[in-house]
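Listed below are the structures to be examined.
Below, chain A partners chain B and then partners chain C, in two separate complexes.
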Partner chain A sequence: MKNTRRKFLKVAGLAVLGWSMRPASRLMAAHGAQSAEGLFMASKHGAPKHGEGLHAGRWIMLIDTNKLTPAIEQKCINACHTNHNVPDIETKQNIKWIWAEPLHNVFPEQMHENIPGGTERTTLVLCNHCTNPPCVRVCPTKATFQREDGIVMMDFHRCIGCRYCMAACPYGSRSFNFMDPRPHIKDAIPEFPTRTKGVVEKCEFCSERLAEGKLPYCVEVSEGAMMFGDLEDPESEVRKVLASRYSIRRKPELGTEPGVYYLI
Partner chain B sequence: MLEKVLKGNKVYWGWLAILLALMAVGAVCYGKQLVNGLTITGMSRDVSWGFYIAQFTFLVGVAASAVMMVIPKYLHDYKAYGKILIFGEFNAVAMVCLCLMFIIADLGSPQRLMNIIIHPTPNSMLFWDMIVLNGYLLINIFVGWITLQAYRKEVAPPQWIKFFIYLSIPWAVSIHTVTAFLYCGLPGRGYWMDAILASRFLASAFAAGPAFLIILLYIVKATTSFDPGKEALKSLGKTIAYAMSINLFLVLCEVFTVNYSNIPSHLHHWHYLFFGDGVLVPWMWTSMSMCFVGVLILIVPSNRESDNMLIFGCLFVFIGAWIDKGLGMIGGGFVPNALMEITEYVPTQLELGVALGIYAAGFLILTMLTKIAVGVKLEVGE
Partner chain C sequence: MYDKGAVIAGLAVFVVFFSFPFWYNTGSAAYKQPQPELPKNSKQCVESKEWMRAEHMQLLNTWRDDVVREGMHEYTSTANGQVFNKSLVKTCMKCHDSKEKFCDKCHTTMDVNPYCWDCHVAPKEAK
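Coming up: the complex of A and B.
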């Protein structure tokens, strides 16, 4: 009797162990089979390549700091925040996807006070959709991930709210839902999901609009101050502008390779 | 051995009752946090980690300190630690439990905690922290229990347990190293971006941890008839003096590098912590002074002979290290933020209530484990 119980426990224990390891083994196999990427690389998920919508090898954004005025900036912010159900919270626990900052805050190590127009002049800041995103590197659940076209996305259903990505982001581009955001949204747009408390969110380069063949909201209302296009296409408009105008990116010394370029 | 927990005098039960009451307070506060979200804390978009993560960081160090007795005992056959080693191991168990509770308290969506295991992500340091912390917890439960059981039966512990004892040495180093790696691998956080952060963490841990143990053992001595032995306490005091000296030296190395190089992204954090108008300035000066005074007390051999001076030295070192890591390390890292703006962080009452409840739970575990250890020691007759 004692022997059989012992045997049963042994088998049951091994079975539980094996079962608990299954998801992990499946994941490693999937990694090996689908791509050459190693376990230590930032997780990359596929972006839609076929069918309708806009596609690119690497999406980037250009912001013309000279064309932006406070009025245009506000239009861009409103267009983004209204259409993405970003709650309007007044405290320091607020949510921002795109917002205006003085130049000396945006480029703390690249500005001096005698530039034309001074450094109090504002420009727009948002997620840089870095080529080497530190947020993706640190996320313990792959809730934030990078698409092959460079867009850094959020899975609001997988995020555990550890806020490691917020500590890792060198641009302060991420916001956390400290509270339930829904009471703070005036007129929720049914086309875009609202979020719950306890998850991180940020700009996603309007991936939902790209899928419909449309440009991001902010670009659309920016009166030509913002551009969006494919860095890998030499014939693209953004490549032509980059070749003809002087541009800088935020904190280039960190090696994150931002996908948002500022025309000076 | 568990039955030892069920027998105790009025002081023991009174203490447990106090801890349970504090846990109830913490549970109520945490309930509010679950309903309303982390908005009940003082954290913000700019300072997105606060008191919880800071306590976790500090307590990892207190947990790792058991190794400061394991090394002399098992690698150098220093017998004085044989009597009290079990308290270090059980203390590690309680401290790692505290760490895990603080991490869970800090999660915005704790109901998804298992996503870390369901979607394992080795490029995240948090994944490795989960592994080393849980591993260290298991090793210490295992080693502590087996050796205490052998001691109770008055037989030598089984030979194979040596493997786990030796394993616990690098493992103890790993828990604090990985915890430092959580911070020092982040681009754009000048205060943490520092190769000696892990060594600094270890040095201050090997001071604060043994300091806590000495205080714990004096409490055990005062409340029971168990005598930890003066020799062991004096030696631990010596360890603290050396470890804290190394920690202060490493801090000075950073102060030099940051100030002489004059790189703003690193300098601003130090300026905020020590010279600005920030809330942490008086705390940081207090911390540094207490660590310094603690070393001055403990470095003098005759002070380590005196019970009172030893306790005082330990209190100074422990509180100094707690302020440095439990308040300054996280606050200083996030302020100023990525855009060089200053957003102050002060924990709220509810946040402190949750932390109080967690501490009470940790101390409940520590009390019960210590009770078992003392009970067995007295039963065998030391």
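Coming up: the complex of A and C.
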């Protein structure tokens, strides 16, 4: 068979196309379990390891579904919402950082009628602080960003209220301020800012408390039903509990890698 | 000179408009520099008074970005090396405990409306 220039060019073209596939796919998708590089992954910002306070490689939270009772849940919600100036608006436009939700809404894929306590039993839900947060990827102003310790933060100064992040979040963890929240807050705590009309807000894993060396409000009042710690430290309490008890996360099939684990 | 009447009338209108601020304000009280009330419990701000007067907006912007985005909470004063927590409410307003008697004094005179207090909670005004 005779090699023509035409045939050579065809093969060369195909080869170039083929060789470019691998780098492109590597660029776009995450490769390996932990590596978080690539166009389909959220980029990380900030270097929070300064000064005093608690630091971790990756902050995670454990929620013990068996220890939580409606009373404890309410205590956690109150502690969070009071101290973060979260307004109470009696319409669908309410703001929530942490709230109680029936199990069949939290884990719709794995519910059946005969689970202990029934599917109407509630548990606490909040922002999952995903390893690959879809909200961060879609934010056009980088108002929401991921810290190096895994906390998905909001910079309210930069939020333009486009609500892309709310559309992207698969867990409904974000709330939009349709109105000025101030009239709906009874006694605003001066130490923490309120929000303003037109910004999106959510749980921030109490980053302001971690900086002071304290654990999140909800964990503090949860009577041991919630735990908070460093996933990357093999000696940490949360790692020991994860190793000894069965835990699940919300919508694992999406690949967001939530940082909130539910102990079953 | 062509169109003498129109030209002179036009010049007169121009001069009247151009000098409006001068003749409009003749007789009214002279501008007085606003006197914000200085805190009683502290003598030294994080930087010198003159520097703060000119640069406090930039300082607050830098503090905001450092704290929210970088997680850096400590500010070392270039005036005396003292370390402060970068916080509007927890540091500035602990000494300047009245927004009305401090911030608003100049901001109202200068007619600027910084949006700090849309979110940040000002300390309760002493009655």
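To be clear about the criterion, the second predicted complex is superposed on the first by the 220 of 264 C-alpha atoms of A that agree within 3 Å, B and C clash if a C-alpha of one lies under 4 Å from a C-alpha of the other, contacts with A are read in each partner's own complex, and residues count from 1 in each chain.
Keep in mind that, in the parts below, contacts are C-beta pairs under 8 Å (C-beta built on N, C-alpha and C of every residue); 3 or more make two chains touch, one makes a residue touch a chain.
Given the structure is predicted, the values throughout are model-derived calculations rather than measurements.
When both complexes are superposed on chain A, chain B and chain C sit side by side without a clash.
Look at A:140: by the touch rule set out above, it reaches chain B but stays clear of chain C. When both complexes are overlaid on chain A, the residue A:246 reaches neither chain B nor chain C.
Contact with chain C, but none with chain B, is seen for A:189 once the two complexes are overlaid on the shared chain.
Chain A has more of its residues touched by B than by the other of chain B and chain C. Of all C-alpha pairs linking chain B and chain C after the chain A fit, the shortest spans 12 Å.
Comparing which residues of chain A touch chain B with which touch chain C, the overlap comprises 196. Against chain A, in their complex, chain C makes its touches with residues 64, 68-74, 89-90, 93, 115, 118-124.
Chain B meets chain A in the complex at residues 36-39, 41, 43-46, 48-49, 106-110, 112-113, 115-116, 118-127, 130, 182-183, 185-189, 264-265, 333-334, 337-341, 343.
Only residues 23-24, 27, 39-43, 91-96, 101, 104-106, 108-109, 125, 134, 137-143, 158-164, 166-172, 175-180, 196-200, 251, 254-256 of chain A touch chain B when the two sit together in their complex. Chain A makes touch with chain C in their complex at residues 45-51, 53, 85, 145, 147, 153, 155-157, 188-196, 207, 211.
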